[in-house]
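Quick heads-up: structures coming right below.
Two complexes come next, and they have one chain in common, subunit A, joined by subunit B in the first and subunit C in the second.
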Partner chain A sequence: MVSGIGRAVNERISNLLYALGFAVEVFRAIPEYLSSGRTRARILVAQVLFTGVEALAVVAALSAAIGAVIIIQGFNLLPALGQEQLIFVILIAVITREFGPILTAFIVVARSGTAITTELGHNVVSHEIEAYLATGINPISFLVVPRLLGVTISVVLLNIYFNVFGLLGSYAVSQFVSPIAFDVYVYGLFDAVTLTDLFTSVTKSLVFGVIIALVATYHGFAVARAATEIPQRAIRSVGHGVVLCILANTVITLVSYL
Partner chain B sequence: MKFKIRYATQLVGLFVVAAVGFALVVLVALGTGQGWFEPTHTYYTTVSSAAGLSAGMSVEYKGFEIGRVRGYELTKEDNVKIEFFVRGQYLDLVDEDSVVELTGIPLVGGELLLHRGIAETEPIPDESFIPSWDSPEGRALREEGRVVVSRPDDALSRIIADIDPILERVPRLLDSTLELIAGADATLSTMEREVLAQLEGPIGELLSSSNQLVRRLDTTVAEAEATLANVERLSEDVAAAAATFRDPEGIIPQLLGPGSASMILEDEGQLYRRVDNLLAEMEDTMREVHTLTRFVGTQTPQIAGLLEEGREALELGHDVLLGVRNNPLVRGGIPERMPAPAPFEGERDARF
Partner chain C sequence: MSQQVSSAETATTPPYWEEPAVELSSVSVVFGHTTALRDVSVSFLKGKTTAVIGPAGSGKSTLLRAAAGIIPIDAGEVRHFSSPIDSLNRREAAAHKRLIGFVFQDAALWQNMSIRRNLALPLEFHYPNISQADVDAKTDEALRRVRFRGNPDLRPATLSAGQAKLVAFARATILDPEILFLDEPTTFLDENAYRNVVELLEVMRRNGRTLIMVTHNSEVTHRIADRIVLVDEGTVESTGRTRQILEASDERTQQLLHAAVFSELEDAPDAPAEGFSQADDATTDQNPVRPASRSESSQQASCSTPEHLPKEAANDGGGPR
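Let's look at the complex of A and B:
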């Protein structure tokens, strides 16, 4: 039993070190990718299309619904405390600082994280990676870096759209609950938001994008030889991605309040 | 080819440009609204306590946010130094006689209020000291009427604003009253001494003796009053006791009346005789108990022998029962009983 625990711990540490080495290798390959030709740029565009543009509808619907719920609850609860003006602070804290980055990350993990892991897993099983190596193409630079950049850019932009639709959705619902002029609403939001809120939100999106892309590509390359490993790795990719994003969210939130 | 794939570059470009454009618009609007691009002017003040103070707290003038608190620290003089900035467009409000006031409003939070000076002067330079409301400098400016007091117009602030001056004045009023009393006392003592000093000769001595006599008389009268008060209390107690004696249902008649203790004592010795007989019977009983005890004491060896024989008999019986239980020939067990039908059968047990 003791030797079993020891083996498990050794294996975990070994995997962690391997993952860190993989991440370093990916970041080292970024300059090589940026200096490459148009072919690789098209991979990046495709990645933003699949991860960002195609997820826009889901993000817009989700954010508008959440904004609506917040405004309804706020207009029901806050007047009882005589603190109606706090609705803008709550909207900014919930949508901009917390839900925007983390829910966008969850959507991207569920949609694109699994897709990336599955695609790379198939590449490994069909020996395409060996073909790249045989022809002198670095698979990290050609396959991983555009996905890392595409996912990160998409998460940041989706977070911006999440804020736009969330705040507009809350305004739309407020017209039914407690009508308020648009300029007053916008002024209230601008009065409540601070540069720290915006910086925290963008930082979270950047970190989440990097985490999602690294975890998905790592698990895609971790497929050994059988096609049956691909769904298993896709599931683990989602689990690890979500957990790491939540941990990073906690750390960044703590740091932002220091 | 699918539309999305065919126009992927355009779609992604639109996606990126719209988001970045929106972010830029928000940043510019936010920066303009919050004065990021405006020059700011830094000042500092000192207060006695940092309670209710926080970095980023707004500096307000007549309900307008004219700046924010940058930070605060504890100084070597045991004061709290607050550093704050005022935006360029409000620089004219900060003149030489300005005073800042740190207010803490429950639930709403605190703010740093700026009160302008009456005399309009040039704005004071950056990094200048502005006295706080409760500092000696600020108090002096207010007492001299060189400050325009401007406060927010909400109900809570008005109440706090009304209470503050009252609380501020009470200690001063008390101090003034105490000083007045002390001054009057000193004046009266001086006058008395001077009057006595001016009166010389027999009249002066007579007045002095009279004063001493009056003081002694006061003391004697006070003692006499205390003694009279004691006498009065005693008289009241005696009167209450006499009233109790006079009461036909009082404690004394109850003790001496019919059915009381006096009847027990007036039974011509019957109670005594009964008690005497009771004691004699108790003596006889004790004598019999003593005789019984002595008899039991003489019979103890025989009782012990009987007990020993009984114990041996029980051991023998135990051995016999053990032998019977272990012997397979004589062990028959309890014979099985045959169930006998009950001679009586109720109506409910009838079978159809």
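Let's look at the complex of A and C:
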């Protein structure tokens, strides 16, 4: 019993150390990637197109709907408290600081995280990774780094989309609830937003992008031999990605108010 | 004194025609709780064709992968042209891979690229300044050499297993490697493709390339292999010249030769079903003699051309950028 617990703890610690070592290897391979030729740039562009561009419709719909809900709730609750002017602060706090980064991260975990884990897992099973090694191509710099950069750039871009569509969506709904002039609305937002809000939002996106890419690629390479391991790893990739993003979100939010 | 040392060294230095291209010293590979290779020491001679044969699950493919340096080893050392491959830095190691080619049993083509890109990638990686025209010319030539008939702009998923194998062969040889590792090079091939690949291997052999192949095909072994490495249960049972091994009179060797042919045929139904005729004749020998060539497998040959190839490749600017 005790030895079983000991073994499990040992295994978890060694897995954690392996994952940290993997992350260090990925960051060490970034200069090699950046100095590489046209071939690897194609993978980065493809990743940004898949993660950042193809998810645009989902992000736009989700953010507009969330913006609409916030404005409806705000216009219903705040007047009763005599705090209508806080609607802009709430919009910035909820959309820019919190929902923008974390919800885009969830979308990317679900779409791109699973896709990356599945693709790399398949590459392992079909010996394609060994074929890269046999050719002299470092799979970390060739496969992982462009995905890391592509996912991170995409999460930041999606966060910007989310903010634009979320704030526009709330403006559109406000015209039905309590019409405001567009210039007043925009002025209210600019008045409410601070540099800390923007910095926190971008920092979260960058951190989430790195987490999602590292977790997805780690689980992809963790597939050992059988194709049946691929969906198992994809599920773990989503679970770990979501949990780590939430934890990171909490820490960054906490730090931003210190 | 120094003259004595010199003459002693000369005495142990193998002649140039027996210089090892690839050496494994006390190599062990462990997968989880399974020891796939156990303290293996073997040399693959430069310019020779060596067939690695043994029963299914004996560790042949692991031996080949360890020798090529594409899987990590848990103990021992692998040397290419006398240079330990673990001592090369990342750039040198990448450049060194220009000198080797690997044909995987299941082709292992990169599925997210076209067939043409599969061949172009090694060229673009090792020669970053190569022009697109040169890449196209070389990929076309490589595909023509293996007599690939198909559209090279399609993805590998559209290929039959035999066609995929031909493309894999073209990819592995597009850089004209010094050492070619082949894992079951003739499985999945139809008759024409099979003859074609055997001819290509013969041409490479005549051109002095070092070929190391895992095979269960007796015709290929007879026609091409200069030497045989017989593997069983993760160890090298015996090594030697092809005829010497095939005509060995000890029962153990003959049993392994039979197991190598018949057990593998069940795994690879496309392979020509021929046995080792000499081996068949010798199975009646009841003297279980430990193969005399076992000691040969553990010889640690020294080589008089230290590190020349990896460093040469690393220094000419062709490494990864």
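The working rule: the second predicted complex is superposed on the first by the 258 of 258 C-alpha atoms of A that agree within 3 Å, B and C clash if a C-alpha of one lies under 4 Å from a C-alpha of the other, contacts with A are read in each partner's own complex, and residues count from 1 in each chain.
Here, contacts are C-beta pairs under 8 Å (C-beta built on N, C-alpha and C of every residue); 3 or more make two chains touch, one makes a residue touch a chain.
In this text the structure is predicted, and so the values were computed from the model without any measurement.
Superposition of the two structures on subunit A shows subunit C fitting alongside subunit B with no clash. Of the two partner chains, subunit C is the only one touched by A:130; subunit B is not.
Contact with subunit C, but none with subunit B, is seen for A:138 once the two complexes are overlaid on the shared chain. In the superposed pair of complexes, A:230 makes contact with neither subunit B nor subunit C.
When the two complexes are laid over each other on chain A, the CA centres of subunit B and subunit C sit 140 degrees apart as seen from the CA centre of subunit A, to the nearest 10.
Using the contact criterion defined above for the overlaid structures, shared-chain residue A:153 touches subunit B, although it does not reach subunit C.
Shared-chain residue A:35: touches subunit C; no touch with subunit B.
Aligning both complexes on chain A leaves subunit B and subunit C separated at their closest CA atoms by 11 Å. Shared contact residues of subunit A, touching subunit B in one structure and subunit C in the other, are absent. Contacts from subunit A toward subunit B in the complex involve residues 45-46, 48-49, 52-54, 56, 82-83, 153, 157, 160-161, 164, 187, 190-191, 193-195, 198.
The part of subunit C that touches subunit A in the complex is made up of residues 65, 68-71, 90, 93-98, 100-102, 104, 106, 108-112, 121-122, 124-126, 128, 172, 181, 320-321.
On subunit B, the positions that touch subunit A within their shared complex are 4, 8-9, 11-12, 15-16, 19-20, 22-23, 26-27, 29-30, 33-34, 36, 107. Within the complex formed with subunit C, the subunit A residues making contact are 32, 35-39, 119, 122, 126-128, 130-138, 141.
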